[in-house]
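The first chain written gets the first letter, and so on, giving A, B, C and D; residue counts start at 1 in each chain.
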Amino acid sequence: MTLRQQLNRIVFGTDTRAGRNFDIILLWIILLSVMVVMLESVPELGANFKAEFYIIEWILTVIFTLEYLIRIWISPKPIKYIFSFWGIVDLLSILPTYLSFFLVGYHYLLVVRIFRLLRVFRVLKLVRFSTEAQGLIEALKSSLYKISIFFMALIAIVTLMGTVIYVVEGGEEGFTSIPQSIYWAIVTITTVGYGDLVPHTVLGKFISSAAMIIGYAIIAVPTGIVTVAMSNAKEVGKDCKNCGAKNRIAAAFCDNCGQVFEPKNEK
Amino acid sequence: MTLRQQLNRIVFGTDTRAGRNFDIILLWIILLSVMVVMLESVPELGANFKAEFYIIEWILTVIFTLEYLIRIWISPKPIKYIFSFWGIVDLLSILPTYLSFFLVGYHYLLVVRIFRLLRVFRVLKLVRFSTEAQGLIEALKSSLYKISIFFMALIAIVTLMGTVIYVVEGGEEGFTSIPQSIYWAIVTITTVGYGDLVPHTVLGKFISSAAMIIGYAIIAVPTGIVTVAMSNAKEVGKDCKNCGAKNRIAAAFCDNCGQVFEPKNEK
Amino acid sequence: MTLRQQLNRIVFGTDTRAGRNFDIILLWIILLSVMVVMLESVPELGANFKAEFYIIEWILTVIFTLEYLIRIWISPKPIKYIFSFWGIVDLLSILPTYLSFFLVGYHYLLVVRIFRLLRVFRVLKLVRFSTEAQGLIEALKSSLYKISIFFMALIAIVTLMGTVIYVVEGGEEGFTSIPQSIYWAIVTITTVGYGDLVPHTVLGKFISSAAMIIGYAIIAVPTGIVTVAMSNAKEVGKDCKNCGAKNRIAAAFCDNCGQVFEPKNEK
Amino acid sequence: MTLRQQLNRIVFGTDTRAGRNFDIILLWIILLSVMVVMLESVPELGANFKAEFYIIEWILTVIFTLEYLIRIWISPKPIKYIFSFWGIVDLLSILPTYLSFFLVGYHYLLVVRIFRLLRVFRVLKLVRFSTEAQGLIEALKSSLYKISIFFMALIAIVTLMGTVIYVVEGGEEGFTSIPQSIYWAIVTITTVGYGDLVPHTVLGKFISSAAMIIGYAIIAVPTGIVTVAMSNAKEVGKDCKNCGAKNRIAAAFCDNCGQVFEPKNEK
């Protein structure tokens, strides 16, 4: 087995101890690097531990660069990898540190490194974490169309409601424009309620109350959509193997064609 | 085919390329016009780009006026169209601009144009977007009665709770009247929590805590109603074609009368 | 038919036109009287329309007193009625106005009249509004025990969380005592978030974040309980009439004993 | 029966009147002691009733110490009890009071006594309160894995969103660091909305609006998970006694092997 093959099993495989260890170590290094980016942004820490952060950052960048080069080397189609989603995420994880040499002062550039966090999900994907996640995502996908209709209706409601409150409050006390008033409508209807914009007129308060109760009621809609989708999702896989009829629940014989199939004792 | 018939196919139909293009172009023009109304209300933009907005607005108004006149012309019953819901929305979309000639200073009149947004839903209706929306609306309609009971109980709760907090807080620190205190009760029970009105007495805080926990619990009620309604809605259409019995789920034979019917392989 | 019998049919019955009219008129008088109590509490209105409110209030009180006396007269067991829930509500609706003669200055006494609002529910009860409400209440009752466990756990969580934040924030910036900090925990965990008490230390913010995410997650629990209860409730009444087996859903024969029963074509 | 055996029946048993009374009295003493800890922390009460609190506290501590010693004595494996969860909770309930002799000034040490509250759950456990709680916990456990995936996704979302708002708001007006901005993202996405940190730039408000709508939508996910889990949980126990096939709902014969089983008339 060549070095390339061995690396392949370690980097992509989860069936060897080395492969599993590689994933676990990488997971912790990614979390550490995200933590560094976060703590570096805290003014007190960033100033006092400037040197420490600088050293850790370079060590991590070198590790990630090595990993990136190995991934390119062992990939069967290097070009495809480089321009794939994960390839770009990997590049964005290391590029800002190198660019900080040339582009001094571009402070926020370094923040891009936070996207390293996404790499956690690739590692988890490898260790077969994602079977259950798949079920969740399937359920959400199947209800995507209904949810998008809901959101279109929601956007129309907040636009009209924001315009009404803009007229009612007379463009004063924060309700200075329609977009600003739509921001208020979203804050209200989602029950976030920052309190930075609140109605001051009697009519404004009345409309706000209506907005809150509407928001309180329509949160039931996405919840209902997702619950029904998940409830259906749990029945997936219990189709008749003979005639292909779907959703033959809890039956030992397909009640469509009579074919016996092995019952799954579902948990 | 006369011009009137051709226009009819373009404006109302979706089976020709011209018809579909008409819908898509109209959709974007409507969204553009809504965007103009919104941005015009922003003080800085409204002042700096006054001329630009004025020109765009008049172009859009001319387009919408043409569309309105065509719709009247090609409509089989023009009078009925003019006084229908969409007819009035169409008129409200263009009238404010014309009225702004005569009624100078009626600034907020122009805001009525935001109702153009509603016209988006007519366009979507044409391109058969609404089949899925129909399902959602059906589910909500079937639970309308239960939801209205819930809201009556909610209104009674916030009225009594608002009155209690008005007495407890002694009409001070914002709790100056019962309606104002009811506004607070709604803000609290819907978990919006602006923070413009907060209890200052110990008893007031205790009552607030109770209100929050009640609000937290009873949000489950509309959610439950809608989820059950949607869960039922998904079974619609699987009635026996022979005897008319409803909700014969996932069965190849009606278990009411034994009539065989084609099973729908539901997704 | 004596006057007493006639009055009985009007006050309690809903089968005659007079009975229905009585209910509808009473409903509007109650809503009017509640509106008067609410508007009277608004400082500007209470001062400017003092005389008007005074006159309306006395007319309404005389009407309610007459109604109260008639109810006592026509009741088969007057003593039982007087000490029943509705008897006490009726008395509380009229007593404050009479007491205001003797107890000048007891401003808040008059607020008790808001409990007239409860009488709306008696009227609605009579017009058979409550069949659907019954279903809702049954579903909530069946899940009462589970919900009470949930609330006990919630109270324990907010008590411990409030204590922790009291120690962490060091009794400062509003977190002056454990009960006060528990109030904060309730405001946070129910996602109300007034913002009158917010953590200022790093650790406090971390604990707050945990509290919010916990609150965000556990709202799923009462929702789940109520949804399942309602989902079960909709199947009520479809028991086998022969052997009494419950929840024989959508079957024309009881699959327990084979007895045929009339299928209900459920909506 | 020795004294040790008698105490055993009283302390651990619920089948005798003495055992039940012991539980009920203990429950009230625990609640009283928690109330004392809470009220003692209120500055006014703590100062004015210092002596009273001191006396009550010592009486309660003596009672709890006696109970603790009895539990050790009657326990079949005293060492195991001492280091068990409940043993440590019992010790933490009495230790702070004794330590306050030696460690004067360690004010917050006494707050540890609030963990006495946990002992309520042991008492409830004994009186068979927990059968229904068990059902709830089972349902939550079965969905624990899905919920943990949801939380990982949530943490990733708030981290990325917090970083974006940190860059957009330019580190000003409270958005001074990434961890602080993540705190804001959690406050927003969970719809708590304190209002201590609010976006001030137009782009920041736009991103906030997106965060709120995302938060509003994804609350449906845990709700859906828990509802489906509970809905499944209610069907537990209706397995075929013959072949062990699960979830044979509402059937008198196992539709897997044909074995007749006694139908449970489920509530």
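Basically, contacts are C-beta pairs under 8 Å (C-beta built on N, C-alpha and C of every residue); 3 or more make two chains touch, one makes a residue touch a chain.
Bear in mind the structure is a predicted one, so any value in this text is a computation, not a measurement.
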Label of the chain whose CA centroid is most distant from the centroid of chain D: B
Chain copies touching (chain C, chain D) - same or different residues, decided at half shared: different
Chain centre separation (chain C, chain D; CA means) in Å: 28
Approximate Å spacing (C-alpha centroids) for the pair chain B, chain D: 40
Overlap residues in chain B, where contacts from two or more other chains coincide: 179-180, 182, 191-195, 219, 223, 225, 227, 231
In the complex, chain C residues that touch chain D: 142, 145-146, 149-150, 152, 156, 159-160, 163, 166-167, 171, 176-180, 182, 188, 191-195, 198, 202, 205, 208-209, 212-213, 215-217, 219-221, 223-225, 227-228, 231-232, 244-249, 255-257
Complex contacts: residues of chain D adjacent to chain B: 191-195, 223, 227
For the chain C and chain B complex, residues of the former touching the latter: 34, 37-39, 41-43, 108, 111, 114-115, 117-118, 120-121, 124, 129, 132-133, 135-136, 139-140, 147, 151, 154, 179-180, 182-183, 186-187, 190-196, 219, 222-223, 225-227, 229-231, 234, 250-252, 263, 265-267
